[in-house]
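One chain, chain A, links the two complexes that follow: it is found with chain B in the first and with chain C in the second.
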Partner chain A sequence: MFDLTVEDYSLWGETGVVLQVGRYRIQVSTEIPSVSRHLSELYAKDCFDKVDGNIDFHVSLKASKGFRRWFRKQVVFTFDGYTPFLPLPFNQAPALFEWGLNWCIANHSHQYLVVHAAAIEKNGVTIIFPGTPGSGKSTLCASLVCSGWRLLSDEMALISVDTGMVHALARPISLKNESIHIIKHFFPENAMGEVVNDTAKGSVSHLRPPDESVINVLLPAKPTHVIFPKYMKGSETLLKKTRKGRALLKVAENCFNYNVLGDKGFELLSQTIDRCKCYEFNYEKLEEALIVMDGLD
Partner chain B sequence: MKANSFLSAMGSLFFYIDGDEVVIYSSITGDTHLVDLETAKVLKKLNLDSMKYSDFLVYLADQHACIIDSELESYSKVLIEELKSLDLIDIN
Partner chain C sequence: MLNSPLIVFLKSQNNQEMATDYLDWELLIRQARRANLLSRVAVILKQSSQYESLNENFKKHLKSAFLASEANRRSVKWEVIKIHELLHNKNISFCLLKGAAYSEMDGDASKGRIFSDIDILVRKNDLFETEKTLVLNGWFSSYLDVYKERYYREWMHELPPLRHIKRGTELDVHHAILPPTSRLKPRVSDLWASAISIPNKPGLFVLSPLDMVLHSATHLFHEGEFVNGLRDISDLDLLLKEYVLKGGKWQSLVFRAEELNLGRPLFYSLRYTSILLNTPIPESIIRSVDQFAPPGLMLQLMDALFLRALMPDHSSCNDRWTGLARWLLYVRSHWLRMPMHLLIPHLLRKSWMRLIGKKTY
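What follows is the complex of A and B.
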């Protein structure tokens, strides 16, 4: 975290601050203190210092106009002057920034196959965790990166169409509901943003990624494992091989731009699945889950 | 089904073979399907060559090492209907 003054916040609103996230540069304009605080607390200083090249996304978060300035205040996200979402309650501004950035990346990154998945790496083992909401992928991903794995991405695995490598984003990890308490309990020393309640996804908070992940964000990783996690109360920790054809089908269902890439997307996904070991993973106890993941080769 | 009805794959099909299961991607619909190996072989054939229904029956009989009879005809119709419902083949 680095210090911000009130003057800094207002400057962000006038000219915007430029944020480097992986290979993307985002100009953020906002006068909303909770968003500025979110950025300064959950993004490493490197993200602000090592900005180089043209801006990819111009985004702003502003309080809505009209009578909504006084009554049930709202926040509006805009991208290059376009408003892709309906306004949200004002207290959800930091979460809206992250969701808006997800939208920007997912819709403007066709040099990648964009998979709705977490991705992590350690000692040459790179795991892609595709997952539907509630599967426990973010909880597992957060636990692993708090235990020495490198965060590539919590929300979107970016597989390069040219090389098949996974490119990193190393953005804050979005945690919801019960997983907020679980991660706070197991990893109290890791910085988390404020908890925003009553969003469409329930309570939401973000975990700051480890600095090492941000420092190494430009290092791509070769995918070696595709694992479909499933958090189940009362479940034994069970890693079970799954058929590659079925894995391919499931990953395809979790892609944002599979149809945009067409047959290129299918061939890239086929090659990725072919070179990876594919598993289903049921777990309840995080300690056991971490041991299983550390044992992968 | 008329003997001179023409069967062809819808657009271009792409295949990923996993033992006795095959994932098929259709360039026309953008959909991905999981089918058994036998069905995939039929689609692969139709992806390369369009053929008359009468020739298709000959091809199926050859694949299954059997004669063309009412049982094979029923099977062919079920298969064609299923593939048509998935927008994987076209009948003219």
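What follows is the complex of A and C.
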């Protein structure tokens, strides 16, 4: 694992550290140890070493000023001098970094159709899991990624307007509440960040993606499957074909910038759906879910 | 500050011999993003040969900003159609102002422009009916506070901002272009008299091209906040070139400003567009608007303030005086808007509300 001592973090300070995330370079300036730790533990060595080119997003995480320095300490995320969110409690700093970066990418990437979805790839099979909250998309994605699938993205599938290919980000996977325990239980050898309790989304932690996924992050993938997962207690593992029109509408609902792209967005999405096999997938047992996904072609 | 890459880039549009090959594109994009000008930069570049030679890393941001502005433009056109449907049914004529007007005219100033809201002008005796019609059709006032409500209705030249309940678009309904209490008092009837009717949309107007320039100038130089200051300077640069320079209407512009009592804002806009962006304004016109200039010392002060506040609000463009300059111009905007006996209680109340933590003040 990438080795940084606590002393090194303080050197990051004002100019910060530059991270290569997919096709984006992010300059992070922070003096908050939990953020530096988060970056060094959950981002692969390549993200720091293979930085090539200009910076896309300059972000900073700082403790808020004034009396809030002592009383109920808070953390502020800024994007090049602009503050898109209200401050959060100080212990949520690592999660705020990830959410802030989601915001930067989702708002400045209209060269893609940005779908709120996880995306993974293995042997040419590329699955998009659009994410309605509570569907278990991240849990399923994390398990698959821990079992040999390549992580493209956990939060946002970026479908290129020019080529229809999915471009990868391979960022840490955000896990919430019970899924944190489930993934820890099934895949104890995979590194996970600290658990932050009491956020707006409950308890949150992040899973480090496999180094393989980060090394191959610049390889685009052609989407082949769109699968709507649904985690249900007591459910059979059931993969069921769904109508394409319905799939299209459901994915459109989960896009961040469908309205921005207008007719281009519609064309891109209908071509994508047309090419893909579309399923609904109910599951409870992860072991069975993995077998079903491995059987797709 | 005047050598910021964004300013140099915009300036080079008026100066063919200026080289832009060695610009710091990363910084340019950052500044343009903060100034709401990235999509305009994208449109300009897309029409030039320089675009193809640009690095892919920069192109992706330009492309993204361009697509966002296209979406913005579509949505404004749609809103104008919807508002026209509503008001035309009630026989209310209205005039599009600023961004929405530029886009209706498909002028140069509409290219790559980001609109945050739609501004319309109605006659004062249509105001009540206009508001009623809009509210009944989903345009709700976003402020519920009694003081603000009264502030707008008694002292302002517009209704409290309306927001469409489903689409979230903001709409400002004006009945004049400056508050009735302000020091300059252009007559609205003069604007209506020369407004231009849009073909096939009965009851829909835009200001005459010269008035459009003067309104843009008045709006900018009475503003208290300059988040879009450089964007507005760039609008003025484009409006001046398209509607004044092309038709050789410089002298008419000066006369019209005098007629409407808007000489001072015209003076400022010609001064700062030429200083910041090298807008090609004839020497004789610069001399003839000198009659509208503030006295010498005052002008030096205004230069010091405006040339700071009109920069992109980005750390690379600020000096130690930028914060003070922005604050002084904020106070000035209120001073221009209201006489002292109204202004002082208003500002005291505002600062008190801020002090007790009401962020929206």
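Remarks
As a working rule, the second predicted complex is superposed on the first by the 294 of 297 C-alpha atoms of A that agree within 3 Å, B and C clash if a C-alpha of one lies under 4 Å from a C-alpha of the other, contacts with A are read in each partner's own complex, and residues count from 1 in each chain.
Heads up, the rule we're going with is that a residue touches a chain if its C-beta (ideal position, glycine included) is under 8 Å from a C-beta of that chain, and two chains touch if they have at least 3 such contacts.
Since we're looking at a predicted model, the values are computed, not measured.
Bringing the complexes onto one copy of chain A puts chain B beside chain C with no clash.
Contact with chain C, but none with chain B, is seen for A:Tyr82 once the two complexes are overlaid on the shared chain. Contacts of A:Ser270 after superposition: chain B is touched, whereas chain C is not reached. By the document's definition of touching, of the two partners only chain C reaches A:His110; chain B does not. Within the superposed three-chain model, A:Leu248 lies in touch with chain B and out of touch with chain C [touch as defined at top]. Using the contact criterion defined above for the overlaid structures, shared-chain residue A:Gly234 touches neither chain B nor chain C, since it reaches no partner.
Contacts of A:Pro188 after superposition on the shared chain: neither chain B nor chain C is touched.
Angle at chain A between chain B and chain C, computed from CA centres in the superposed arrangement: 60 degrees, to the nearest 10. Touch criterion met: A:Asn259 reaches chain B and chain C at once.
After superposing the two complexes on their shared chain, the closest approach between C-alpha atoms of chain B and chain C is 6 Å.
Counting contacts as defined above, chain A residues 259, 262 meet chain B in one complex and chain C in the other. Residues 12, 14, 16-19, 21-23, 25, 27, 30, 32, 34 of chain B touch chain A in their complex. Against chain B, the residues of chain A that register as touching in their complex are 243-246, 248-249, 252, 258-259, 262-263, 266-267, 270, 273-274. Residues 25-26, 30, 33-34, 55, 57-58, 60-61, 63-65, 67-68, 70-71, 74, 313-315 of chain C are the ones touching chain A in the complex. Put simply, chain A touches chain C in their complex at residues 23, 53-56, 58, 80-82, 108-111, 161, 259-262, 264.
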